[in-house]
Amino acid sequence: MMLHTVNKSGFSSKLLEECLRTVQADDAILLIEDGVYNALKTARTFTDQQAQCTWYVLMEDAKARGLQAEHCHPEIQWVDYSGFVELTEQHASICSWF
Amino acid sequence: MSDLETSQQDNQILVIFRKAPAGSAWAREALDLALVGAAFGQKVSLLFMGDGVFQLLEQQNPKLIGQKGTQAMMQALPMYEIDNLYVEGHSLVERGLDLEQLAVNCQVLNADEMPKLLQQHQQVFNF
Amino acid sequence: MNYSIAIYGGPYGHQASHSAYHFAQAVLAKGHHIQRVFFYHDGVYNASALVSPPQDEVNLPQQWQQLANTHQFELTVCIAAAVRRGVLDANEARRYQKPAANLAEGYQLSGLGQLIDASLESDRLISFGP
Amino acid sequence: MSDLETSQQDNQILVIFRKAPAGSAWAREALDLALVGAAFGQKVSLLFMGDGVFQLLEQQNPKLIGQKGTQAMMQALPMYEIDNLYVEGHSLVERGLDLEQLAVNCQVLNADEMPKLLQQHQQVFNF
Amino acid sequence: MMLHTVNKSGFSSKLLEECLRTVQADDAILLIEDGVYNALKTARTFTDQQAQCTWYVLMEDAKARGLQAEHCHPEIQWVDYSGFVELTEQHASICSWF
Amino acid sequence: MNYSIAIYGGPYGHQASHSAYHFAQAVLAKGHHIQRVFFYHDGVYNASALVSPPQDEVNLPQQWQQLANTHQFELTVCIAAAVRRGVLDANEARRYQKPAANLAEGYQLSGLGQLIDASLESDRLISFGP
């Protein structure tokens, strides 16, 4: 059980694709910073891999950038920094993708 | 595209915004350069493409992450006579963005118009 | 739980150090302990005493100092990464015959081993990169 | 993959190299961390994936651009008892690289083995 | 007539794709730094767009990274730093992609 | 011809400033003139007098100084980008009440207008980014 944080937009970088090749079913992915753009419905990486693990997006980063929940994949859960800390409590190992 | 065709002599500086707005200082520092260029009496145009189009999104709230954002500077552009704002249509479509979601009025450029825009400026700053 | 945080991005160019700061606040708000914040790669620029943002912008090096002071955790800067990038304490300034030191108060230069140590001694180590 | 199955207890630190070697300091500073980890008595494994696989190419000549490169440090890995070197097969295939073009012996991991490798290390440093 | 420099690998970044959307037929593209990996035959962006303009790769950067001419698209010309300067002499405008 | 060069990447983390230096040497070798090298964004870190690389690595801030001195061109650092990142001359150190200055000899802090000016006055302006 591992928590992966991803901080780059999949529209300009292939970082999330690399991350997904290391993820297993009980892992969690948290989209932070410019990684929150991967939560958009138009970001295809999520759709391709959605069943694989649990996805989260950091609310502060998403709202700072003007992302609206209605434009994002509904399966991705929104968490704030407090929820971010809870995810790190629940996962013993954290892998940061940047 | 009559704008693009006729204004060849006047356009001096093109600043391209390609990076997402909040993750780095690029958007702010590119905008600083645009404003200084205008203050120096240059005719400055802005082009938003790639993740730079996200800079145009309305309802941004950068205070949530302790940033000032570029919204105030963007609103000040007309005061600096920076009126030529362009956005690449391809980048908008790829990200599923409509013009109504944008906080700023921009002229949408199609594939043919993109190279023309670059060619007609004497200097391109590409961030 | 006991957390350590690694920061690899500078104080102004990238969001990394800001995200780390928000995360640290949330960690402390939940009653956890922070053991060490370790600055590596371009993250060492966070430890400069000379960073002078405009008054309406955050001074991140200073905010880290205050948080570390209040909650008694270490701000450790990789010495090899720092001297290469021009972040020096008084000792290193002497060693390299430089006219000044610029390491901010509350930060200490130390070896990369302190990052390994943090990974072993803390319950959680989380990294923020540019 | 018997290595991956049996060594779960011993593997403490995994350092992932994902960035191309010469364009930035990442490769050097990631390698520094791996060596220090080993010097601290930790069992350290290295994984090369993405553009990080270019770090393994033979006949690199970083002096041409004024750099020291990582070749000498890579050769020193056995002295630090860093013997578990892995490379993602997908990244090699995508870049058209054969194992013969690599200067360093690495175990090639397939898609199933990648998540396993990460899970079996207590700490992952991902550069 | 414009010279475009590109400094990122197309295997991890979409920078070159963005550059190509602004290029016209009499432009030149020079691959520098990590951009030299785009000269590999396995980098698909070149093949898609090869007729569009003239391509160059900076020799020092390519050799520093161990790239061999035989693995690169033969249509891409190798130039050293001196040739880089000549390209900037020939093109009045330079657009740097990074 | 008359060249100016803009540098947006730091001296150690990225190749940008190294590429710019090699390019500058090649420009001069061809008999061209360099008017100004302008440091912006994280490029301002190149202007730190405190950068202390190991003896077998290049000291880029120093090499730029020597090249600029020999060939009489300007090393201009964006003042706004620099003070935010902790690169200060004596004046700015006083203004922000900082204990030290760290701008290397041969470099000068100035406004972003000097980059616009370079784009107007030089025959060629080329940028190197991270």
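The first chain written gets the first letter, and so on, giving A, B, C, D, E and F; residue counts start at 1 in each chain.
Just so it is clear, contacts are C-beta pairs under 8 Å (C-beta built on N, C-alpha and C of every residue); 3 or more make two chains touch, one makes a residue touch a chain.
These numbers were taken from a predicted model, which means no experiment stands behind them.
> Going by the contact rule set out at the top, which chains touch both subunit A and subunit F?
Common neighbours, subunit A/subunit F: B, C, D, E.
> Starting from the defined contact criterion, work out which chains touch subunit C and subunit F both, please.
Touches both subunit C and subunit F: B, D.
> With centres defined as the mean of C-alpha atoms, identify the chain lying farthest from subunit B.
D
> Which chain lies the greatest distance away from subunit F when centres are computed from Cα atoms alone?
A
> Have a look at D-F versus E-F and report the one with more C-beta pairs in contact.
Between E-F and D-F, the larger count of C-beta pairs in contact belongs to E-F.
> Between subunit B and subunit E, tell me the centre distance in angstrom, where each centre is the average of that chain's C-alpha atoms.
Centre separation, subunit B to subunit E: 25 Å.
> Need the CA-centroid distance for the pair subunit B / subunit D, whole Å please.
The answer is 40 Å.
> How many Å are there between the centre of subunit D and the centre of subunit E, using C-alpha atoms for each centre?
The computed centroid separation for subunit D versus subunit E comes out at 28 Å.
> Enumerate the residues of subunit E that touch no fewer than two other chains.
Each of 7, 11-12, 14, 18, 33-34, 60-61, 94, 96, 98 in subunit E touches at least two other chains.
> Quick check on subunit D: which residues sit in contact with 2+ other chains?
18, 22-23, 25, 50, 65, 67, 122-123, 126
> Would you mind listing the residues of subunit F that make contact with two or more other chains?
12-13, 15, 19, 22, 41, 57, 125, 127, 129-130, in rising order.
> Output every touching chain pair, sorted by label.
Going through each pair of chains, those in contact are A-B, A-C, A-D, A-E, B-C, B-E, B-F, C-D, C-F, D-E, D-F, E-F.
> Over in the complex, which subunit C residues touch subunit D? Could you list them?
40-41, 80-81, 111-113, 115-117, 119-120, 125, 127, 129
> What residues of subunit A sit close enough to touch subunit C in their complex?
Within the complex, subunit A touches subunit C at residues 5, 7, 32-34, 60-61, 81-82, 84-86, 88-89, 92, 94, 96, 98.
> For subunit C, which residues are in contact with subunit B within the complex?
12-15, 18-19, 21-22, 56-58, 130
> Taking the complex as given, what residues does subunit D use to touch subunit C?
Where subunit D meets subunit C, its residues are 13, 25-26, 29, 32-33, 36-37, 39-40, 42, 122-123, 125-127.
> Show which residues of subunit F lie in contact with subunit E when the two form their complex.
Touch residues, subunit F against subunit E: 1, 3, 8, 15-16, 19, 22-23, 25-27, 29-30, 32, 124-130.
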